[in-house]
Amino acid sequence: MGKPIVEVHDLTVSYDKKPVLWDIDFELPSGQLIGIIGPNGAGKSTLLKTIMGLVEPNSGFVKTWGEKIESFKKRIAYVPQRESVDWDFPASVLDIAVMGRYSHKGVFARINNDDRDKAFESLKKVRMHDFSNRQISQLSGGQQQRTFLARALTQDADLYLMDEPFAGVDITTEKEIISLLKELVSKGKTIVVVHHDLQTVNDYFDHILMINTALVAEGPTSEVFNETNLKDTYQGKVSFLNTIGDVIKEQNFPVRKG
Amino acid sequence: MDLQDITTFFSFSNHSLNVVILGTVLLGITTAVVGCFSFLQKRALIGDAISHSILPGVCVGFMLSGSKNPVYLISFSVLSGLLSVYFMDFIKRKSKLKNDTALAVTLTFFFGVGLMLLSVIQNSGNAAQSGVDQFLFGQAAAMLESDLIIYGTVCLITLSIVIIFFKAFSLVSFDVNFGKSIGLPVRLYQFLLTTITVIAVAVGIQTVGVVLMAAMLITPASGARFWTNNMRKMVLIAGVFGGLSGVFGAFISFILPNMPTGPWVIVCLSALTTISILFAPNRGILYGIKTKKNWNDKLNKENILKAFYHIGEPEQDFEKSLSQNDVIFKRYFTSKQLSRGLKQLKKENKLTEINGKWTLTLSGLKEGKRLAKIHRLWEIYLTKYLNIAPDHVHDDAESIEHVITPELEKELEKMLGYPEKDPHEKEIPYE
Amino acid sequence: MDAFVILFTVILLASANGVLGTYLVLRKSVMIGDAISHAVLPGLIIGFLISGSKNSFPMLISAAISGVLTTLLIQYLNRKSNLPKDASIGFVFTTLFAIGIIMVSVYADNIDIDADCVLHGELGFIALEQNLMIGGMELFPLSSLNALVTLIIVLLFTILFKRQLFVTTFDPQYANAIGMNPIKWDNALMALTSLVTVVSFEAVGAILVIAFLVLPVAAAYLLTTKLKNMMILSVVFSMLACVIGYYLSQALNTSISSAIVTSMGVLFCLSFIFVLLNKRRVTYEGS
């Protein structure tokens, strides 16, 4: 039983001085399609960002493959929310897909045809290869998402972290992407998705995390995705936590544990 | 400059000097007040764009009137300013250019045109033109009584508009969507606010000139923000900052007539704002440092009391006299932390000391007991409600026990149903 | 000959600004660039007072340093005190610029910079400068050399680090995720901006430096959707405006730099109108 692909230990993270993640503790199984669900503002995006090393926690730590994330950033593909980017940037679909090769290159190394070929292969997998020269400002939401996915595929990572990949995406694209993700999982990849649509949780995910500031439940979907846990997640026993969070913010309490 | 200059200035006996003082004070107050709204809308830099964009208007007004006629200058300045705001919005609406770019494009284009017109004027040899380049950095000393009447009136009208529409302007600055949802004519108010901002800028350049004008809007508001959350108070404080800086500017223009006043007014405003940023209670930077220190002290003292309680708990004997080493044996403190905390607790009558040994007082015992109680209650909350493993909750409780207020404490014990033991089978000490 | 030297220098500067400006526009850092171009004034003057001459290395260094310090100060204010970003920018640069103007007035005797020069620069006087002598050959004035070196630095930086600039501009979160540090690249660009603005400052004045960074770039951005083309077009527009502006200024007897900026503005408006008309045409064809 090797090191877990992601280990999160007693993680407390604040946003704007108020804790949005509280003592989160879990280990992710590898080779599965894992969903993170919870109400808005529950800290799901923040969790992804903290795993990725984009955000500093107040306490606790994240380990990937048993080590700090810096050692493994290459093996982790992060797919941010679509709105986090300005799509008016003058670039083509292929340019974005090729970005996936950047983590494999040295500081001064140039992008060559080999890189472009690999990127093009990824575009084929998401059926965007006909659009490879299209300007990204002309893409629909679903096409943008597929381009982001192509970038992640080009990176050839082992772990994928995706932040709300299905927000504002048409149903056909969503179905295509999910089947692609399942295919990746069958090849041994691990995929973590912050998801917003409860209707599709059972179909999509093998394993889920239910989060509302605290970790309400975690485990195989069939075991954990039930009425009780849903109620706890969305109608929170965690409102008291929220109250304390407000006091912490208001009084500038230095949240620092262990 | 000598003492006599200072007394002359503050005796307010010199009429033309009084004109300058009154003018700069009014202008300072007006721009500061109006600037508060731009600041709150996070459109601080639009004041920068408007003030640069006013220059072509000033020049056209001058060229058409052949003199520094204030009516012409103000009117064309306002036109130029409003045109620039419309230009900016148009660019943003009709193209992919974003706010930052639209601002900069407008600012530079209008200002470039203005400078070009200015150099035409300067090279035309018109005798009156020497006044016009004062619009770049301001020259308050050049204000005449006839100017004052016009600028002063404009200021008073502007301030009146702010007072009348104060609530509406505040709403439009804070929460536009709410205003829309309750059916307010939001766009009208925004237009009005923009217009008086442009007007304030158009008259304000008398003191500081076009280039530094943005500061007259942004800086006092920035400084005032640190003192209060209340809109009225903020506007008042900003106005005071603006007025004071106006006086300072007038003073400088009196004793150093060859210097432009603008930079001096800005320096004064910036000094006031810097003091605010550093020293304001609740929001100032130094205050933040002090708060941190206070928390550290509080945490330290409470941890000490808790240690005392834990030492006495097994035998329920809380009257033991303990040495520093006894305490450290129970819970680690650096000797510096411990000495400091013990001294502070003695002052607060939570501990007494005899010959280097320390004992809990009644109030100290009460507090130590309370902390132990909260710690255990919180551990129950974490294990029961958040499903956190019992061996993971101690560190969390060590931290959070210090921030739970008596009200939260009541809520917590009620929610948990007044449990008797914590996850580690320790008893929970109720009063 | 005079005209040639002036134009040569200005074209070099315009090119450096066009390339750098492309990144500033795309990163939405133009107003910060504007702030820096103003905030370097005190640093410039200190450098001048130390070294005793314009066009000196200490002057450029102290200005570049003050540029980076300005950025750091703005970031510090924003983070430590919760002063909003736009207010932090406005507060810092106006303060520094005001101090600079005061220094100019106070030291007016020691330095032959005056407020007018601060604004307009001394484009016209470049031709009157001493020409650089290398190996007994008269080449060109020192400010032209500065401009050339600056352009080379900018080109080297943007070519060598094309990928890093692309990622950190388009998707800083992804950049972070693959191990890059977007903040370091931001600071590097700000340092570069300080350098470019300081060198341009001498020629076109503090106020108009920002025009060089944004107007031709915005015009180009409207017309193209490829990064490389955007840069090339920025430079072309810049050069065009420089030529038009120069002759305009001679004809109307105005300062050279303001005429150039006005020309740039007009070019921008023309691009904008072109885009609007095309949009309408596309709509008609579609329906």
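As written, the chain order gives the labels A, B and C, with residue 1 at the start of each chain.
Methods note: contacts are C-beta pairs under 8 Å (C-beta built on N, C-alpha and C of every residue); 3 or more make two chains touch, one makes a residue touch a chain.
None of these values were measured; they are calculated from a predicted model.
With A-C and B-C as the two chain pairs, more C-beta contacts join B-C. Chain centres were defined as the mean of their Cα atoms; on that basis the chain farthest from chain B turns out to be A. Distance between chain A and chain B, defined via averaged C-alpha coordinates, is recorded as 37 Å. Inter-chain spacing, taken between the CA centroids of chain A and chain C, is 39 Å. Rounded to whole angstrom units, the spacing between the C-alpha centres of chain B and chain C is 31. Listed for chain A are residues 86, 137, each touching two or more other chains. Of all residues in chain C, those touching 2 or more other chains are 221, listed in ascending order. For chain B, residues that reach two or more other chains under the stated contact definition are 96, 98, 288. Across the complex, chain B is touched by residues 10, 12, 22-23, 25, 59, 86, 88, 137, 214-217, 237-238, 240-241, 243-244, 247-248, 251-258 of chain A. The touching residues of chain C, when paired with chain A in their complex, are 26, 160, 163-164, 166-167, 169-171, 173-174, 176-179, 221, 224-227, 229-230.
The touching residues of chain B, when paired with chain C in their complex, are 39, 42-45, 47-48, 91, 94-101, 103-105, 107-113, 115-116, 118-120, 123, 133, 136-137, 211-212, 214-215, 218-219, 221-222, 225-226, 258-260, 262-264, 266-267, 270, 273, 277, 283-285, 288.
Only residues 25, 28-31, 34, 77, 80-84, 86-87, 89-91, 94-95, 97-99, 101-102, 105, 115-116, 119-120, 207-208, 210-211, 213-215, 218, 221-222, 252-255, 257-262, 264-265, 268, 272, 275-276 of chain C touch chain B when the two sit together in their complex.
Against chain A, in their complex, chain B makes its touches with residues 96, 98, 288, 291-292, 295-296, 381-382, 385-389, 392-393, 395-396, 398-400, 402-405, 408, 411-412, 415.
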